[in-house]
Amino acid sequence: MSTGLVFAHAGAVLFVLGLAGGLVLGHLLRRILALNVMGSGAFLVLVGLAQSDGQPDPVPQAMVLTGIVVAVAATALALGLARAFHARTGRTRLDGGEE
Amino acid sequence: MPAAYADPSAGLIVLPLAWAAAAFVLGPGRGGGMAVVALMGQCALALGLAVGVMQTGPRVHAVGGWGAPLGIDLAADGLTVLMLLLAQSVALAVAVYARGYFADHAHRAQGLWFWPQMGFLVAALNALFLSADLFNLYVTLELLGLAAVGLVAVGGAAGQMAAALRYLVVSLIASGAYLMGVALLYGAHGTVSLATLGPLLAAGSPRLADSLAAALMLAGLLAKTALFPFHAWLPPAHGRAPAPVSALLSALVVKAGFYLVLRLWLGPFAPLAAPAGPLLGALGAAAVLFGSWQALRTAHIKRLVAWSTVAQLGYLFLVFPLLDSGGQALAAAMLQAVAHGLAKAAMFAAAGVLVLATGRDTLDGLAGVASRLPVTLFAFGLAGVTLMGLPPSGGFLAKWLLIDAAFRAGQWGWVPVVIGGGLLAAAYVFRVLRQAFLLAPPAARFQPVPRRLEWTAFALAAASVLLGLRAGELLALLGADG
Amino acid sequence: MRGAARLLVATLGLALAAALTRAIGELPAERPSQAVDLRPQVVAHLDQTGVSHPVTAVLLDYRGYDTLLEVAVLALALIALLVLAGARDARLCAPAGSPLLVSLARGLVPVVVLTGGYLLWAGAHRPGGAFQAAAVLAAGAVLLQLAGLMPAWASPGRWLRLGLMLGFGVFLGVAYGLLGRGALLDYPPQWAGALILLIETGLTLSLGLTLAGLFLFLTERRGRP
Amino acid sequence: MPELLDGLLAAALLGSAWASLATRDLTRAVVMFIVFGLLMALAWARLQAPDIAIAEAAIGAGLTGALLLDALGALGLRRGAAPRDEGGPRGEP
């Protein structure tokens, strides 16, 4: 199995792990971690699968660079919201219905 | 100056990005006038593009001059232009409204950085409607999602933070699923260009990777569109945001997800998607009934309007099982998208006026409003006419075409949903109107409201009704896809 | 209820993982013969892009439009955080840095700037570029803030706002300016290298400030007036 | 030999991600996430993507890690909350 395929498989599992975590975890910080793991998994599949023949492909590599910057922007906003929410309510989780 | 500088596709993306950045540099609370002027320019650009597409057919703009699949293409056909026109006109009206809304003392603090955020939101919408590249669409989805979430949070109250967080989590999970689909497609076909992918996906029997990619991407987009059962994030987010923000979100942002589903469904995923048609239709039907039911139960004005969005989005998905049957299902969906966009922006604008005047967001507080704010209430009622689907509104024509398509396809089951949804809409609109016509309790005090707010709501509502009379042009645009 | 939801997510997750693994496993053998391979195209046009590093060519030329929108995403996140910081009403006061921190910052900042400059310049030929350089500069800006040598960020003044948007503005201006050639970002080959360097320089400065801003808006300086 | 290295690295990625999401201790979760980010940088190097490796180390692990560590102080430790995320009926696994 080529390096690309090994990491594409790992990426698939990471994606599912992060997705499940994003759905079931309660603490906001953990959810944010899970969403980052999910994104990293998708990035690994993007590059790994494209490079399954062992040759580097600059196109998905550039896409992942873009994706990493977008991910850090989203993470920063999520953390900012979580902190503002915590500062007002003292809570760190969203569960328990709306209102 | 070469004519190339007036290229509408490029202008519709560059112009809002430019005013967003300029508004940020100008400083807190500034940039509203510039935004209104720029949005007028954008309306002109969108009209120019519409005329161009009508006359010469779909257009492609190869960014960087490379062309797909190496570069990124912007593509405009009838579907694109219709969404662009809707987005520019609603955004212009909302900008006019927001200048009055945030000038009010109570909202000044919320509006400090509204203009740059709105500029990026409009740019993201236009970029999304125009993009013909799956990865570029991912970036536009993220830009749109972050802009929308940031705008929900501007009020700063705990409930708004919770709503924004819920929205952000759903939005990020959805984009993650979408991105995974893009990764699988690039792995399988070596390209993310819509035009290049179409023939590749149609050739040969579908592979597991292709079906999985389609499923992940569609699921992500449905969550972003808040289709039942992915709707739970919408009512708090749209109900709690400041009124101009709610108008933008309900009228435009959720439509972006629907537009992409439709674009992919009719485009590269056409060979894979057909079996999912009945499922989407069933979810749409459930959304119509459940959303309307919730709108009948809530005690808050803006929450009622938000639940109505959940219901009205359901109609858009009723067309998926009917697309192959020859009828005007696509036209019905696009008319519904445009009519609902105008009507819902009007309703949130009117609801914002009502909340501003009565000082609270409850139906109980509305007693006596009818005599004080007749224009606003009339706007609310007119928008309601579109949502109920009464003639001559755009909503009526959309629902008529939908019923016609269902009969042609022999799928009678959808007809009672369309009619029942209209009756339920009538019921929740009259809940508001009846309360407003009650006599005001003696102690009731109404805050004065800037005229501008009332009249923008009215203009939007009137447009949603008059749309029914000018639907021929819109349908001709869709026909230009050919 | 919650247990049932978890069981459902776990079951669906396992099914999705199995499907993904299978799809990825069977792809290389079943890749359709018509599949596109962009790698030869990237190399074939490299001499028209003005840079010799393929990833930089994709990032700023072939798919430069993605990068333009990505910079907008960062700017937007910063503005949203600014709103939250304002709403939180916790002023980010410029702390009085300890003497040790001040001298450390004074000594390190030239090194940081040099490293950033090197990464920026290197990006045209080998790994590196505006984003990596900006991350290094951001570290320097954070250091300066902690040492009390930077103005407070809570209500950024016009010059700081201009600095934050400069890179985006230059990028957007170049993109639009080249529309006269027929398309956004359509670099003329003889100017491509210079224009890309101009864009990257602006981006390095602005992204450095933006990344530092993401950090500084988020983190409260606790325990100080 | 390289296959073995790739396999070990992939396993370490999965292990650190799992540890980060499953641990009861929030501080440990964040530290494991930073470890995960650094392992990702190694994976990118193995995938002949040095640009991503640098960006992942600087932005993914570095900046995100710093933001998370600081948020940990704000969310997990203050206002009398215990440093550990309590289990209980809605606890984490």
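First chain written, first letter: the chains are A, B, C and D, and each begins at residue 1.
As a working rule, a residue touches a chain if its C-beta (ideal position, glycine included) is under 8 Å from a C-beta of that chain, and two chains touch if they have at least 3 such contacts.
In this text the structure is predicted, and so the values were computed from the model without any measurement.
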{"item": "Contacts common to subunit B and subunit C (chain labels)", "value": "A"}
{"item": "Partner chains that subunit B and subunit D have in common", "value": "A, C"}
{"item": "Remotest chain, subunit B as reference, centres from CA atoms", "value": "D"}
{"item": "Computed distance of Cα centres, subunit B from subunit A, in Å", "value": "27"}
{"item": "Distance between the centres, which are taken as Cα means, of subunit C and subunit A, whole angstrom", "value": "17"}
{"item": "Centroid distance [mean C-alpha coordinates] between subunit D and subunit A, Å", "value": "11"}
{"item": "Between subunit C and subunit D, centroid-to-centroid distance (C-alpha), Å", "value": "21"}
{"item": "Sites on subunit B at which at least two other chains make contact", "value": "135, 139, 142, 146, 149-150, 153, 156, 180, 184, 187-188, 190"}
{"item": "Set of subunit A residues in contact with two or more other chains", "value": "8-9, 13, 15, 17-19, 23, 28, 43, 45, 49, 52, 59, 61, 63, 65-66, 69-70, 72-74, 76-77, 79, 81-84, 87"}
{"item": "Contacts with two or more other chains, residues of subunit C listed in rising order", "value": "20, 24, 27, 38, 42, 55, 62-63, 66, 70, 73, 76-77, 80, 84, 87, 131, 211, 214, 218"}
{"item": "Chains that touch, pairwise", "value": "A-B, A-C, A-D, B-C, C-D"}
{"item": "Subunit A-facing residues of subunit B, complex", "value": "135, 138-139, 142, 145-146, 149-150, 153, 156-159, 161-166, 168-169, 172-173, 176-177, 179-180, 182-184, 186-188, 190, 232, 235-236"}
{"item": "Residue numbers on subunit C that touch subunit A, as the complex places them", "value": "5-6, 9-10, 13-14, 16-17, 20-21, 24-25, 27-28, 38-39, 42, 54-55, 57-59, 62-63, 66-67, 70, 73-74, 76-77, 80-81, 84-85, 87-88, 131, 211, 214, 217-218"}
{"item": "Partner subunit B, residues of subunit C touching it in the complex", "value": "19-20, 22-24, 26-27, 30-32, 34-38, 41-42, 45, 61-66, 68-70, 72-73, 75-77, 79-80, 82-84, 86-87, 155, 158, 161-162, 164-165, 168-169, 172, 175-176, 179-187"}
{"item": "Residue ranges of subunit D touching subunit C (in the complex, touch as defined)", "value": "49-51, 53-55, 58-59, 62-63, 66-67, 70-71, 73-74, 90"}
{"item": "Residue numbers on subunit A that touch subunit B, as the complex places them", "value": "8, 11, 15, 18-19, 22-23, 28, 31, 35, 38-39, 41-43, 45-46, 49-50, 52, 59-60, 63, 66-67, 70, 73-74, 77-78, 81-82, 84-85, 88-89, 94, 98-99"}
